[in-house]
Each structure stands twice: as C-alpha cells, then as structure tokens.
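Take a look at the structures listed below.
Each of the next two complexes has chain A plus one more chain, namely chain B in the first and chain C in the second.
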Partner chain A sequence: MTSTRMTVGLVALALACARAGSAQVTAREVLERLDANMTIRTVRMRAELIVHYRGGDDRTMTFESWERGTDQSFLEFTSPARDAGSRFLRQGDAMWIYLPRVGKSVRIQGHMLRQGFMGSDFSYGDASENPSMANDYDAVIERRDTVDGRQVVVLSLTARRPNLSYSRRRTWVDTERWVPLREELFAASGRLLKTMTLSDVRRLADRWYPFRIELDDALQTETTTTFRVLEMRLGVAVPSEVFTLRYLESGR
Partner chain B sequence: MSEPHRRLPLLRLAWRNAHRSVRRTALTASAVTVAAAALVFGQAYVRGTLGNMVDTYARTESGHVRVRREGFTTRERSLPTHLSVPGAAALARELSGLPGVRAALPRVRAFALVDGAGANRPGLLLGLDLALERDYWRPQAMVASGRLPLAGRAEVLAGEGIARRLGVGVGDSLTLLVQTAHRSLGGLRLVVTGLGRSGMPFLDNAMLIVPLDQAQGMLDLEGGATELLVYGADAGEADALAGAVRRVVENRISGGAEVRSWREQSQLMRLMASAGAAMGVVWALMLLMAGLVVVNTMLMAVMERTREFGTQAALGMRRGDVVRLVVAEGAVIGALGGAVGAAVGSAVALYLGRVGIDFSGFARAIALPFDPIVYPAWSWADALGSVVLGSAAAGLAALVPGWRAARLQPAEALRT
Partner chain C sequence: MTIGRMALELARVAAALARGLARAAARLVRRAGLPSVLLVLAVVPLAAQAPEHPDSAASDSVAPAVRTRVTGYLEHQFSASRSRGRWTQLDHDRLRADLVARAGRGVWLEAAAVWQLYRGDTRVRLRDHLPASVAAGVDTTSLVIEDRHFVNHAYLVLSPGGVEITAGKQYLTWGAAWVFNPTELFRPKDLFEPTYEREGVGALSARLPLGALSDVLVAYVPDGPFRTSGKVARARHHVAGFDVSALAAAVYEQPAATPAGAASAPSRRLVLGGDLSGEVLGLGVWAEGTWNDFAGDRWAEATLGGNYTLPDRTLLLVEGYFNGWGRPGDPYPAAAWLARLAGERRSLGRFVAYVAANRPVREVWRLGVGALVNPGDGSAALVPSVAWEFAENVELIANGLVSIGADGTEYGRGGVGGFVRGRVYF
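Coming up: the complex of A and B.
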C-alpha cells in the first residue's frame, strides 16, 4: 500500500493496488501483485479523515503525511485548529503520538493500538501494522463476482502468524486494476470487526489507487469513517530527519 | 349448678412450671436463644451489607439523584464526553438550594489512555471537586500513600493497581490521552502525588483521580461536567428528590437531561435494596426450626406430667385452660430464650458493628461498588422483635403438646 500505511493504511487496510493482470491468476499470485504494488519508495499525501456520527454530525480533519519505503511514515494534522499540530511517527511496527498540549511524545502500544485513530473507525493498530499480504496470509479464492460492474475475485485470507490485528479477511479484488474494492476483517473468533469499501480508484503513474475508503467498525456503533485522499505525489524527496522522535516533538 | 369459671393466673403458673425442670427449660430455651441470636445478628449483618452496597454505589456512582445529558447513559460504554452538562457549577449551586439537598456535586468521568514508564493502559479518569467530595466520594480515605492532588495543579491520585501495571509511583509522571468534548484528541501530563486504594479492584486497577478543574481543561469541557450528583438527607427519599431536581433541570440543558434516582439507575441495586425483605423467609425458617425443638421438649414435658394434668382435670380444670397453660409455658420459655439470644446477638452485632468485618478477599472477586469492610447495623427493633418472635414461636409450637395434654382422660392419666 502506498502511502502511509498510516495514511492509506489507514491505508494499510486497503492496500493493494496493482497492475493489470490475468483473469485466471491464483490466490497467491493476487497477493503477490498487491504486495508488489504497495511498495513505493517515497510518497507525500494530503488527505482528510471524516468521522460520521450517528445523529448526523461530521468531524473533518485534514492531514499531511510522508512515507518512505514500507517502514517509515510521518503524519501531521493541519485542521481543525484544535487538532492542528498533532503528529504521528511510525518506524517499523513502533508508533508514537505527539500532542502539542501534552508536549511529550507517547509510544502507542498494547491496549492503545485497538483504540480509534483520532476517534475514527481506523485503529492505531491499523495505521501501524504493515503486513505483507503474501507472506502473512494464506489465501483461497472463494468465488468470482462483480462489484459496481467490475469483475472481482473474492479471496478468503487466513493469518499465518498470531500477532496480526485481523486473523481472517475477505477481500474483493478488482481483477483488471488489482485494487481491493471491499474488505471484511474478522477476529480469530470469526466475529466481523470491520467492513471497508474502497472507491474513486485513480491511476497514478503506473498504479491504481483507491482515493476514498469508507470504514465501519462493527464494535464502534457510534461512527463510520471516510478517508479521502486530496493529493498524492509519488517519488518526492523526504528528508531523513522527518522520521525521528526529535522531529516529532519539535516539528522541525 | 356449676361455679363460675375462675380465671387462672396463667403466666404465674407458667413461670413457676418453667422452674420445675431447669434442665428441660434450658434445653427448650436454648433453641430459641440460638434462633433469636441469629435473627438479631443476621438482620444487623444483612442491613449492614446491603446498606454498604447502596451507600457505596450512591457515593461513587449514582448519587441519590444523578443528572446527565440525554443520551449519555445509552452510550455509557464509551463515556461520551461530548454529552456533558454545561455550566455545572452554577446548576450545582442552584440544586444545592433545594429543600432537603445536602450537596450537588459536578463530576467528570471519562476513559483515558495512560502512558506511564513505557507502558500504556486504559484508565478511568475521575475529575472531582476534592474539597466538596470529602463526605461523598471520600477520596481522602483512599490515599494509601502520598497525598491527594491539589486543585489547580496537574496532579493525580492513581489507583494502586494501575500504578503498579504502569510501573509508576509517587513523584512520577503520567500522560493521559482522552477524547475531548469536541471529540478530538486531548491529553495532559500529570504528576502522581499519591496512590489510591478503594478495596474495589475494578476501581483500583483503573482510577485516576484528578482535580475537577484539570479534568475539565483536559477534556475541553469549559466548566461542564459529565454528571451532576445530588445528595439528600436520606437515600430512601431519592425518588421524591429526583422529581424536585427534574423540575429545576428541565429545559436548562440543551438536548435534554437524564435525571434519575439511584433506584432508577441500577436494577441490581434495586434488587439488593429489597433483598432484606426476602431474608424474612430465612428468619421464618429459623424460627420454625426453633419451634420444632420446642414442640419436642414440651411434648416430653407433657408426657412426664401426665399424672399432674390428670389431677388438674379431675379437679375441674378445663381443656382450654390446660392448652393455655402449656402455651403460656412455651411463651415464657420462648421469651427467656429470646431475651438471652437477643442479648448474645446484640453483643456480637454491636461489637462487629464497631470493628467491622473485613471482606477484602471477597471484594477482590466482584466488580460491584462494595466497601470491603462491612459494619453490621444493629437496631433496638430487631432485638425487641426477636424476643417477641421467639416467645410467639415457642408459644405457637406449644399448641401441639398443649392439645395433647388437654386430650388426656383424667382417670387414665391418674392410672399412669
């Protein structure tokens, strides 16, 4: 996945974009294509996160993010004013948060990984986890189907290692653009945890990306969340110091 | 022509007869003693335990009446801070002026993610006006080490359990992350001034008591509170108090308000409060068992006194008088046993009511508001009642032997 596992992974969930491929690939090949497409050298993104509350209220936050490779990302909220300056840093599987009013970075771990990222349906774990779909999941093709008029293959994924956020996934993959269009995420017990719908798929360089993700956390009944990419640039130069705790706390 | 029936001095005769076989009387009375002692102590214990639960629940959770923003309770699992009571201090002052109101206290209750010495844990943030809460939440009684935080300072009293899990102690810092009233991410760094021990593990493993002003600032509540607890003179009058509070609060909180007495807040507590009545069945069974012992020993007494009853019958004593005499004997012995039992039960209840019974082990196993030290609540009514009940139960039980004695034929009885 590109951009920001933190962001579109926020995005990490979505992942997988890909090049064109054959209609008769195996499940394993689908995952490999998704992984190949997710690996981008650098990306800079501006995006918004909209939390929709039961009752009709919305809360919109915008942020900018930088990502280098699959292990480093940095994200800073720019609006609204009360959230501006809140920053997140990811180094591998480790993640830190910095709030200006606290004045200190906090490592996000344990229980906190399951909490909603800035009150959204994405969890901090979603944003920090960086699974390799081909290496971390076994897949079988359940069926072929259509979503919004596009041909998809429905994959059933089972985690190969125990410490992943989701033990099982069901993913609807567009077999022309190799982008997931829908995903269901399950706990080990088989309980449905989250449902994700990906849309507004755009071509960027030689890849296809979902610019809009709708996420519904089944355990968080008060909200649904929309993630929308406003601007995405690939191959931009990102200084190394951005991915440091010093930069996280000072912003420079 | 028969002589008019002369009224027998039943109680005097019964009292005299009770002394004729001290051993048997003592045996009969001892059953009533045990039952009466159990009755007096049991009632004091049950009242103390239920009172403990209701009182602890009212102090720490429900107030006598609780005011919240409409919708808060249905979303209680997430403690939604955006559903707060605005202008809580002014509203509390107004409610304090209601007749019968002893205190109206704004409180803040919110979930927090707590970062300690390299570990994160979920915690329960409790913003309290520490001066006003001395007689209600009683935070001063929970300080196991260190001191309470001070208003106006970024300080926290952390539950011993959560502090241990986070690896922090007095003098260390904690960082709290919370969802603010605007639903954004807020937080604060706090110095741990003390460690708290409530004896309730679900609290000790989560509670973070901070000054009300600090909690309001951290959550962007701007003078609001997540709840306002109103206390009257008597928890039993909470429903009437809720009506008065409702009239004041009505139309004062945009989006509506939830005003509920403690009874309306918890079905479990309602059940607990009415469990005292259910215990009546246990007391009745206890008296029944004592009555059975009385029946046995008095039947023995009647058998031994067959000649005596025969003689009395031959001298013209009526059957009704025989029954009344035996019943009076039972009642007298029951009153004696009841008095001794009431004295023993009262002594135990009064002693334990002063020193308390430590249920810390039990409290660790339950997630209920329950102060681990239970103080039996003795009452005069229980003590006097147990004497009366003991006497009545023994008197009733003596009906059977009395009836047997009354059926004896004088000639037959005299031959035995």
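Coming up: the complex of A and C.
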C-alpha cells in the first residue's frame, strides 16, 4: 500500500482506475496506475484513529483534514478533549505540530519523525512522507494471489533513494479495482516493521478507496491501530491559506 | 469550587471585561472623537463580513469547521521536596477552562481562565533556595504562595485585508530550542518541565503573512508608560528545508535585586537574535541565539541541539547552552542567584548541557529521564519521569528531581523532590 497517501499521510491510500484488464500489466504499470489515481486535486475528510491496546482498552481520536495535491495537508483533532485543537501542517516533506495549550507550533524533524503519531502505530514519518511509487521504488511481480476472494498481484518494491522511511515494501494490489489490500513495510536490514491491511473499499466518483486501514507496528507490540474514514469529499475547494503556518497557529 | 461558583466567577469576569471595554470606549471617544470611533466600529463589521477565503466561495464548508468550543481540565498535583534537611510539601488543584469562539467572519475570541488553589507549605523561605554563603546576607522574608484566579490568555483576533491583528493577553512564545530559548522574552520555560503551559502576555500584535511559511510579526507589550513598554519585531521564513527567524526587541526589565533588597528602575534590554531548525543527515537540529544589551552589560546567548530516535522509538535529545552572562564556575554572586530565582536568567553558569531520553513502555506508559548539567561547577539535576495515559482523557505524571553537587553550585542545592500530577480533560 502506498501508506503515506493519507491525509497528512494517513489517508488517500492507493487506488486505481476502475478499469480492469490487468492480466498482462507489468510491475511498473501497476505503480503508475496507483500513482495516477492517487493524484487527487483536493480532498476533505473526517476520520478517526483508534489505538487498540493489547489489554483490551481503546483510544479513539477524531480529526478533520484537508489535502491539496500530494504536498499539502492540514489536519485538526476534534476529540477527545485532551487532543482537541492539536493541529498538523505538512508542506512537502516538512511537518509542524501546533500545541494549543502551549500556544506554539513546533517543527517535527529528523528522527523525531519516527515517533508514533499521537501514540498510534503510524509514525510522523508515515504522515509526512509521500513518495511517488513509480519514481521512488523499483518493483517486481512476486506472484499472483487472492485476498478475500479478490485477484491481486503481489509486488516487491525496493527503494531507489536512501531517505525513504521504508527501504522495501511488499504490496498486494487488487487488479480489478487497483486498490492495495495489504502491505508489508521493511527496514533496510530486511526486518519487517509494519503490516497494513486495507478494507471497506468504496467507490467515489471513478475511484476506489479503502475506508478502513489496520496497522500493526512490529516494534510497538502493545498496540494496533485502526484508521477509519467517516466522511470523504473529493474535488472540494480548499483555500490556499489553510496550508500556512499562520493558519496552523490560529486555526482560522 | 462548584460549577455554580465557576459560572458566577465567569460572570464576574465577563462583567469586569464589559466594564473595562465601556471605560476604554469612553476614553477613546474623549481622545479620538466620536467620528473616529464610529469609523472604527464601521470598519470592524465590514472586515468581519468580508469573505475569509476569496477562492473558497464555491463551498463555505470546505474551510475547517467554525465552532465555539469549550474545553479544559482539572489538575491535582502533590509535590514534596527535601532540602537542607527539611521536608516540605505543596499541593494544588488547578481548574482551567478554555473558550474559542467566532464572533463573526474574520473575528475570533480565545480565552482561558485558571483557578489554582494551594495547600501545604505555602510559605517559601528564599534562603532555602540559595547557597549558605549567599543566604546569610539575604532578607529572610518568606514568599507566600497564594491561591490564584487569573486569565491565562484572552484575546481578540481580527483579520482585515490579510493582516492578522491580535489584541489582548496572547501567546508570544518563540524559539526552536527544546529547553533553553534565548529568544524567549516574556515567559521563560520551567527548565525542569519545559513542555508545561505558560501564561500569555498582554499585547497588541500584527502579523503579515508573506507566503505559506513566512511572515512578519510586530508586537507592542504595554508595561508602564510607552517608553518602557516592550516592542518586538520578528520575521520568519522557510528556506532550503530550514525554518529561519530573526528577532529584534526592546524590553524593559528590573535589574536583579541586590541582596539587601534594594530595587532599581527598569532598564532597557535590547535583544537581537534568531533561530533555525531543520534536518541534517537525518538528525533534527536546531540553533537559537541572541545578543543582549542591558544596563551596561552586553552578552550573547546561544543554544545548539539535536534529536535522534532509536529503532525502538526511544527519543534522545541533546542541547548545549552558552550564556555569556554566566560565570565559568562557582562561586556565583548573590545578584546572579536572585536573578535566576526570579526567572530573569536561565543559568548561572556559562555552559549548561541538557540531555534527555524518552520512550513508550507497555501500552500507555512513557518513561523519561532528563538531566541538566553544569560542567563548570560539576553540578547536575536529574529529572526522571513517568507518564501514564490512564484513560482517554485522563493522564498521570510523576516527576522526580535529584540534585548532584556541592552547596553553592548551580544545581547542587536543590535536594531531592518530585511531584505526582493527575489531570482530567473535559
């Protein structure tokens, strides 16, 4: 899955044309289709992030987000009360967080991007990085398979540049709807870092979107995280000033 | 305090604000004349009705939801410390209520009221916080910590023509550094808990955006007559992956009290500085510095820091702070101790290092340890911490403090102590 195609990296995962005809596609064509379909002009979303603890407890955070192109995202948490008003801005690879009770924005940079995003299995790096799959990864088709009764092609991806969060990925792509249904993310050493499962695929306009993502961070063994889209609108007019530091700090 | 009393208190604050506004309006009419006031009153609604986002007319709902939001928390903290062979305790309840409201398009109000009640050893002897050599010559008067009811911040924001004007008690906090912020002029951080919230500053400010990640801010901070009021200008820009800012300020400060307690007139402090943050070779790095001119003294302050996250999500932070005002080692003069005690200076020593490690452990626990080290006098303060996210809106924090070093060194006289804090958000 192109995991970082989510609002502020969390949303808008891979999707593809509804057109089928996948039997003879090459690995590169699969990536290009994913990229082409993920280039969303604008999206507005309301979603929740649920952190499941092994002990049985859950923490649910709700947020609203706005995204324009692949480089601009803005996200504001609306609940719970503890996190309400926390806001994030992403411009390209740079990311900032605004802490309402401190009244200050802080750059999230360097290795701090490896920290869990609001305590979830997603990292800030997941949220800020937005690779072009076709440009940033070399791919080979490992095999063809089925996931939940759907035909998929399993791709093995290797990073072309060193500063990506994941050096290797294995992705199960639905070859009818061109949606990733599962992804494994690896470190350069080959160690499995995260496993992602995508489901509740819905059609919006001429695209298919996964409305539910389950993420398990192999290094954060006490939790798993569910990302669930509650509402999504494509092609909305999002004012430019939303993606500014001034807006981040004032929320208006 | 009951909800009813809270409401009563809020009503009293609102009434006081209304009376204050009425008085201010009367003064304005007397000074500026009625036509000018009417002009201002006419412009404000016009600004309020102007579209906030000209390119979003197609859909009003695409902008982040506009709402009135009331949040807050109730905090209880128990702290204890042992210094000079004596145990003291201090207990507090803190209730904070935050309000964010839209008064019209382009007009916003943000405010927070805090009620804080203390119990325990509320009488603090200054000499307990000073080395023996200095304490002998200091006024033995005790400081009494009293219950506080205050407005943490309360400001109005107008956005006419792209300029954002903020009037009222607002946040004027700057600096990329984690602990030592030389560019922080008004509300210095608690070095032992740098992420704790701070009060706003009564000011009038205007911010002019110059692109998505650049802007210029000017602020006027009334304090006594115009001459002794603070004036600040700050510009920031995002360039080549780095956030860069420059700051120039003139603020008036009381020179540190003498041991005899003699007060002197405020003097102007000129500050020129800036900060920078970004990424170098995968490491998050930041730098911040100022040049200061105050009451005949001129000195520089600078901070350089970085962070690194281990694969298991342990966050490591390192920060080095140079304070040209400080001394290479002890003994430190009494005035320096008093200035530091009053929060006017960040360190006694010329060099201070801060190192910290922090990592999540078992579900909702987070363990951390921080250390402030003064290599000049060989003292250090260790601050271990445990945070437990007890429930979705409940958190518990326990912090410790262990002082290492001889009496008379920067961190050597703090003894041992710590606190346990519970906070429930609503």
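Methods note: the second predicted complex is superposed on the first by the 233 of 252 C-alpha atoms of A that agree within 3 Å, B and C clash if a C-alpha of one lies under 4 Å from a C-alpha of the other, contacts with A are read in each partner's own complex, and residues count from 1 in each chain.
Keep in mind that, in the parts below, a residue touches a chain if its C-beta (ideal position, glycine included) is under 8 Å from a C-beta of that chain, and two chains touch if they have at least 3 such contacts.
As the structure is a prediction and not an experimental result, all values here were calculated from the model.
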_Clash or fit, chain B versus chain C on superposed chain A_ = clash
_Just to be sure I read the superposition right, which of the two partners does A:102 touch: chain B = first, chain C = second, or both, or neither?_
both
*When the two structures are overlaid on chain A, which partner does A:66 contact: first (chain B), second (chain C), both, or neither?*
second
*Give one of first, second, both or neither to describe whether A:110 is in contact with chain B, with chain C, with both, or with none.*
both
*Touch count on chain A, higher of chain B and chain C*: C
_After the superposition on A, what does A:86 contact: first (chain B), second (chain C), both or neither?_
first
_Partner chain in contact with A:222 - chain B first, chain C second, else both or neither_ = both
_Which partner chains sit in contact with A:118 here, chain B, chain C, both or neither? Use first/second/both/neither._
first
*asked:* If we overlay the two complexes on their shared chain A, which of chain B and chain C does A:76 touch? Say first, second, both or neither.
replied: second
_Doubly contacted residues of chain A, that is, touched by chain B and again by chain C_ = 53, 59, 80, 82, 101-104, 107-112, 115, 119, 222
*For chain A, which residues count as touching chain B in their complex?*
51, 53, 59, 61, 80, 82-83, 86, 97, 99, 101-104, 106-112, 115, 118-119, 222
_Help me check something: in the complex, which residues belonging to chain A touch chain C?_
42, 44, 53-55, 57, 59-60, 64, 66, 74, 76, 78, 80-82, 84-85, 91, 93-94, 100-104, 107-116, 119, 163, 187, 219-220, 222-223, 236-246, 250-252
*Residues of chain B touching chain A in the complex*: 75, 78, 80, 113, 115, 118-122, 175, 177, 179-180, 182-189, 220
*asked:* List the residues on chain C that touch chain A in their complex, please.
replied: 52-59, 61-66, 69, 71-73, 98, 100, 102, 108, 153, 157, 159, 164, 170-171, 173-174, 176, 195, 197-198, 200, 207, 209, 211-213, 215, 236, 238, 241, 243, 277-280, 282-286, 306-309, 311-313, 315, 360, 362-364, 389, 392-393, 395, 425-426
